[in-house]
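The data blocks that follow each hold one structure.
You will see two complexes here that share subunit A, one where it goes with subunit B and one where it goes with subunit C.
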Partner chain A sequence: MILQIIADGLIVGSTIALGAIGLTMTYSLLRFANFAHGEFIAWGAYLALTFLGFFIALGGGGAMAPLGPFSFGWQLLAALVAGAIATAILALVLDWLLFDRLSAQGSAIVLTIASFGAALALRNFLQFVYGTLPAYYTRELQIAIHIVPRDVGGGLRATPDQLFVLALALVLVVGLHLFLQRTTAGRAMRAVAHNPALARVTGIDVASVVRWTWILGAILAAVAGTFAGLVGQLRPQIGFDLLLPLFAAAILGGIGSVPGAVIGGLIVGLAESAAVPLIGAEYRAAAAFGVLIAILLVRPQGLFAERAK
Partner chain B sequence: MLYFRYTRNVPHIAAHLSGSMLQIRDLAKRFGGNRAVDGVSFDVHKGAIAGLIGPNGAGKTTLFNCVAGLYRPDAGTITLDGNRIDGKRTSLVHAAGLARTFQIPRPFPAMSVLENVLVGVPGQSGERFWANWFAPTRVAADEAKARETARAWIDFVGLGALEQAPARVLSGGQRKLLELARAMVADPRLVLLDEPAAGVNPALLEKIIDRIAEINRRGTSFLIVEHNMDMVMRLCHPIAVMAQGKLIAFGDADSVRRNPTVVEAYLGGAVA
Partner chain C sequence: MSEFLPVLSYATFFLVFASIFATMALGLNLQWGYTGLFNVGVAGFVAVGAYASALLTTPPDAGPGAVRVVGLGLPIVVGWIGGTVAAGLVAAAVGFAALRLRHDYLAIATFGIAVVIQLVALNAQKLTGGPFGIQFIPKPFDAQLDGSLAFNALYLALTLAALGCVYAALQRLAASPWGRVLRAIREDETAAEALGKRAFAFRLQSFAIGGAIMGFGGALYAHFVGYIAPEDFLPILTFQIWTMLIVGGAGSNRGAIAGTVVVWAIWTIAGNGLRELIPAADQARAASLQIVLVGVLLAAMLLWRPQGLLGPRPSKSPSA
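The block that comes next holds the complex of A and B.
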């Protein structure tokens, strides 16, 4: 049982982690809590659904032929990429329409409230376009495979799709880490996150770095949304439901820290998954917040806070 | 307002003095009712190490911030080597050839010494989104060149052994040297130094003075705000003196030292 709880927690946690990375990056660069980030997740998931239909039609229509053990074919992978790009464009448009204008004159609280409004508008528009009924990328049934036999730690079963989600999340996190540590743009992003005014004085083009941040955050959010839709179902509230765990993960890890957001996401995922057998599925969100409060009492700045004061 | 022209023969800088590098004309900046900078005009000539002194609250840092592009002046003009820079964004002012350091050094603490200096290299194609996808070879070439430049300046200021250390472990004086290296990688025409001597031990201060003089010999001009009079008198020519937002004296060390208005401002006449 224990192994299964850990595996489930990691799968949920990897989705939360991908979303929390974008949230923590926008927070550390733009200094506001972006409530619309959850809607990037929902829009990413639904845009992928639209592109999936397009790619299936392109392949001659009919059912999507699954790739190996997975429930989906190449069309979903293509849709994932296209959906992520479209979500990045959505984030850039939102920044251009709203956040860029407001940050020139407004304070963090103005931006935060504006993001709340943007979230409501985006969610309702999503419902208007796609309807409120649940949707699925594929109707293919997946049988969980035994990875660890039942007599070792209660056994471990997972579907190939879940393993795919976990592996791709790991690849993206490692890729982002290398991007931030090894590339010129990554270095500029870290500099702006530490101290935007200083970065400006040293000649960094902060506007360009901000665009990078929106693009990367939105891409990861779209991937998180598509993952959530793949291992569960697509609902317009998918982003809103993930929003609080995202904030919990970002705060837990230490606002502004990408490794912190990943670890925070995994901890929140594990807490939610452990809560199901212990206190019941209704309270899984409460369990995540219990862990958050407990950690913040001991370490108020979060686990990996690295912002220059 | 009188504009003093610097013409006297001072051995190590007179050779390449010609024309105006920084021209400040009738500069004004107020915060509410407080006239922080009130109609200040002076020139820093090419190749000069100019000093800017004055009691606390004289408006020196406000003037600095106007020149560096952090504040938009309410009136007046600032010209860098013939180009107007007043009211322009800091990144554009930086690109026009002006770099600065801070009174309290501000490194990026979690980043290494090398990375701290690398962020100051201008025109890196890797910072732009599309270049990474469409011109990866140029991005790689730029990065290699930037590292070479950064390493050369880190060695120049004597921090070569600490290249990979995170900036948070540096002492106050070492941070000043790091800022100097970060300012210099941009190959600026004019460097603004905000109190380079503050909180620095005497041995390291000699090194900082020596490095500033050496950079100046290579042709870079400086404008230095400093409270350490010994350093200002040794290094700076001309010296501008501000009090209560106004320029009260401008000239060489001797004339400033003997100026009764300056003495009064410092001893509490104009500014309590």
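The block that comes next holds the complex of A and C.
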């Protein structure tokens, strides 16, 4: 039982972590809480669904031939990439239309209000385009495989899709970490997050760094949305429902810290999954709120704060 | 005369809602316009007021298969007071956790409390009736009045009186030393603290009073419609109130009221227009488009006229 709770928590947590990375990056760089970030997740998931239909039609229609043990074929991987690119474009357009103009006016809290309005508009536009009924990438049924036999810690079962999600999330997180630590572009991003004025003086193109932060955040959000849709179902509220866990994870990890967002995401995922036997599945979403309030009361700068504030 | 009755009935209905929303917008104006506190959980505080008032005044479900087992059947006035106090207490608790910190943490915490309140409303069936909500909430003087027009007109008088009282009280508060300290903290917290004003205490008071006013608005709503359910308190409500305040002009109580009437009129007209234009099968989608429209209105207002219709000069507008 306990092993299964941990495994479920890690799978949910990896989705939260991917979303929280983008949130924490835009938060520390642009200094506002972006309530529209959840909608990048939802749009990413649904855009991937549209591209999936396109790629399946391209491959001659019919059903998608599954790859190995997974429930999906190459078409979903292609749709994941295409959906992520389209979501990045969406984020750039939103920045150009709204956030960039508003940040020129100066007040960060106005950006937060605007992002709240943008989130509702984006979510309802999604609902207008795709309708409210749940959707699926694939109808293929998956059998959970035994990874740990039942007599050890209650046993552990997971579907190949879930393992795929965990593995790809890990690859993305490690890749992003190396990018931020080792490449010039990554260092420029961290420099702007720490001190925009100083970064500008040293010749860093701040506008370009802001653009790349939106692109990276949106790509990770789209991947998170596609993962959530793959191991669950697609609903227009998929992004809204993840928003509170994302904020809890980003604050728990310390705003601006990418490793913090990952660990925060896993902790929130574990808390949600542990909440099910404790307070019931219907109150699962309250676990993220509990984590959030606890961290605000005890250690508001987060576990891995990058800068004192 | 008789052909005017539906129009008159609709007009009173429209104005009752406008005055209830305006009450909530005044609560938000105290928090945001005067104090610079960003509350993303307006719908949650409204819900607390509505549910608390309904539970105090409505008897539990009767008969076999009754879902809701809590309810007191007290007079409506007790419900209104109880709803106001309950929302104020919830606001104080949230404010206590989040107000010492960066301003945007309050936004996230209020967003979270609204989500949790929504969860409780949906799932604590014995208390809230779950998705079925609370029905047969008593309406004032319902037994003595015949016809909905008479009730609507009476309730309009009540809500206008309530709005007038809240408006007058807030105007007095804003002009009082207490209101001046709030503005001082908003403009320059360090200077205010240096003068010996404890910013946290003033913020907490402002946030709790604002939350209580929202709860009062929720209680007014519950006893007008006579039925509340979790879906009445979705984030869209928060968003509507925010748009009303921003359009009218944050920092001005008259602006909050004017913005409410303008946005509520646009909302109603857009809703009716979309219902006319879009075929019946796609009505649910039309409702989504209505929200998109108001979202665009809010963004456009922030971009091109951030001080709103009647707000103070931009230089005085709240800034982080």
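The rule is simple: the second predicted complex is superposed on the first by the 304 of 309 C-alpha atoms of A that agree within 3 Å, B and C clash if a C-alpha of one lies under 4 Å from a C-alpha of the other, contacts with A are read in each partner's own complex, and residues count from 1 in each chain.
We adopt the following convention: a residue touches a chain if its C-beta (ideal position, glycine included) is under 8 Å from a C-beta of that chain, and two chains touch if they have at least 3 such contacts.
Fair warning: this is a prediction, and the values are worked out from it, not measured in the lab.
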First, second, both or neither for A:N195, with subunit B first and subunit C second: first
Contacts of A:G203 with subunit B and subunit C, given as first, second, both or neither: first
Touching partner for A:W212 - first (subunit B), second (subunit C), both, neither: first
Which of subunit B and subunit C A:F35 touches, first, second, both or neither: second
Which of subunit B and subunit C A:L133 touches, first, second, both or neither: neither
Subunit B versus subunit C as contact partner of A:A185, first or second or both or neither: first
First (subunit B), second (subunit C), both or neither touched by A:F289: second
Which superposed partner A:V152 touches (first subunit B, second subunit C, both, neither): neither
Touching residues on subunit A, where the partner in the complex is subunit B: 183-185, 187-188, 190-191, 194-195, 197-206, 208-209, 211-212, 215, 306, 308
Parts of subunit B lying in touch with subunit A, wherever the complex brings them together: 68, 70, 89-91, 94-95, 99-100, 106, 108-111, 115, 118-120, 122, 124-129, 132, 139, 142-143, 146, 182, 186
In the complex, subunit A residues that touch subunit C: 32-33, 35, 97-98, 101-102, 105-110, 112-114, 116-118, 120-121, 124-125, 127-128, 131-132, 240, 243-244, 247-248, 251, 280, 282-283, 285-286, 288-289, 292-293, 296-297, 300, 309
Subunit C to subunit A touching residues, read off their complex: 36, 38, 40, 97-98, 100-105, 107-109, 111-113, 115-116, 119, 122-123, 235-236, 238-239, 242-243, 246, 284-285, 288-289, 291-292, 295-296, 298-299, 302-303, 306, 317-320
